[in-house]
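Right, one structure below, let's go through it.
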Amino acid sequence: MNITLKQAQDVILAAKEKAIALNTKMNITVVDSGANLVAFARMDEAVLGAIDISLKKAKTAILFKKDTEVLGQLSQPGSALFNIEHSNGGLITFAGGMPIHNLKGNIIGAIGISGSSVANDKAVAGAGILAIKAP
Amino acid sequence: MNITLKQAQDVILAAKEKAIALNTKMNITVVDSGANLVAFARMDEAVLGAIDISLKKAKTAILFKKDTEVLGQLSQPGSALFNIEHSNGGLITFAGGMPIHNLKGNIIGAIGISGSSVANDKAVAGAGILAIKAP
Amino acid sequence: MNITLKQAQDVILAAKEKAIALNTKMNITVVDSGANLVAFARMDEAVLGAIDISLKKAKTAILFKKDTEVLGQLSQPGSALFNIEHSNGGLITFAGGMPIHNLKGNIIGAIGISGSSVANDKAVAGAGILAIKAP
Amino acid sequence: MNITLKQAQDVILAAKEKAIALNTKMNITVVDSGANLVAFARMDEAVLGAIDISLKKAKTAILFKKDTEVLGQLSQPGSALFNIEHSNGGLITFAGGMPIHNLKGNIIGAIGISGSSVANDKAVAGAGILAIKAP
């Protein structure tokens, strides 16, 4: 079960509105359940280095079906998944990547947000995934 | 001078409408004048292999400020730019990538379309770049 | 707004003079505001492994509009951006990469220095960015 | 035996003067005999896609101790080295890359030029390698 383009664009719109409310400039990625790109938007003046981080956060979240923040805790020195970031062509494991669920609770894709503080990235990702209306 | 997100989303919308008119499923990429991703949309059921082709067509068109189709003619065996595709992390040099101009004629970005026949890809790209309204 | 080749060569000359004053052999990279290479110089006998570090420091500084040293503090284990270095094809986040401003305060590019101790790399980068004379 | 930075900068200066005489905007790369970057300059307004082509032409010329144009003839369909461009992280095999000899005839590095027609690229590379004065 995969997120549709319509749903992905709704997620991007909701994330963008939250980003504006926080006075930030974000890169917003949505991937499907196969980790393939569905939709992307870079807000004007968002820093260039955050494009790839946004893409990698979304990819990371769907590849492991986890918030990137959770993986980040598990990949600290001495922890179970230390340096897992070297796999899959590069992962990003700080907050801002989250699986997207439909109303039945199935994972249908993931969002990746980058462009501001990690706390803001997380808040914007959290706002984005609430935009899903279909079961 | 760079395309804005609003302009890029207008380009994607126009391209998508043309794709629907042609009964095709397209991947649509818009990059800015620095070859950085601004917006992307994959229509439902578009083939996965065309995501990267769409990205690379847009990148190719802006990196050389040319329609990808023109580069494709120049890169045939025996021609001046044979195998230029090995540069810049991989280029795509068949039709479907085009620079985007503003109303003053300045290049502000590029579009890359992939998902159907090359003729359809080209038609959809051509429809997309007409969506720019601002000078 | 982008650094010119003339400005980039002035930056390289100033950095090289500082490197000589410190009795070091440096690799010196200047990129523009889009993270594209503008000018590079490797001083005779500089270690080969520092070529890529110099390139990546300049790229890192412009992609995030920050001194690489600042990113290095934020990417320590347990910190907000731990392992950000896996993005953008590889970042370098210790000192020696700095944005370059024009006299109006706009970021027009970045410098990356590598070849000696990190303290020396930083000192040479700092000398380089002072060479900008134009607004 | 390796080209020095001073020699490489002389090569770049001579190439740049030729490029100006031809009314072109070039990317100019000089590598040493180990295929490592020594110096680079991008003239203002040179197309971005030609940066990497310039780098790869210089690399290709030194890796095989041949003009890139010669390799291009050998790598056509049906010829001995067809698709050699897939090696070494990507080669460019049309004209514009040339070994640099010292006055004794030893190869000390290579130049790579990209940014205009292949004929102009070749003319500028040829002008650059004449700048070597030392034995």
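The first chain written gets the first letter, and so on, giving A, B, C and D; residue counts start at 1 in each chain.
We adopt the following convention: a contact is a pair of C-beta atoms (placed from the backbone, for glycine too) under 8 Å apart; a residue touches a chain by one contact, two chains touch by 3 or more.
Worth saying up front: this structure is predicted, and the values here are computed from it rather than measured.
*Asks:* Measuring between Cα centroids, what's the chain most distant from chain D?
*Replies:* Here the answer is chain A, farthest from chain D.
*Asks:* Could you please state the distance in Å, as a whole number, between where the Cα atoms of chain A are centred and where those of chain B are centred?
*Replies:* 25
*Asks:* Would you kindly tell me how far, in whole Å, the mean C-alpha position of chain C lies from that of chain A?
*Replies:* 30
*Asks:* Report, in whole Å, the distance between the mean C-alpha point of chain A and the mean C-alpha point of chain D.
*Replies:* 42
*Asks:* Of all the residues in chain C, which ones touch at least 2 other chains?
*Replies:* Those would be 34-36.
*Asks:* Line, ring, star, complete or other: which describes how these chains touch one another?
*Replies:* Contact pattern: none of line, ring, star or complete.
*Asks:* Quick check on the complex: what are the chain A residues that touch chain C?
*Replies:* Counting only chain A, the residues touching chain C are 47-50, 52-53, 56, 72, 75-77, 83, 85-86, 90-94, 117-118.
*Asks:* Show which residues of chain B lie in contact with chain A when the two form their complex.
*Replies:* 4-5, 8-9, 34, 36-44, 48, 51
*Asks:* Touching chain C in the complex: which residues of chain B?
*Replies:* 34-36
*Asks:* Mind pulling up the chain B residues that touch chain D in the complex?
*Replies:* Result: residues 34-35, 60, 62-65, 77-78, 80-84, 86-89, 91 of chain B touch chain D.
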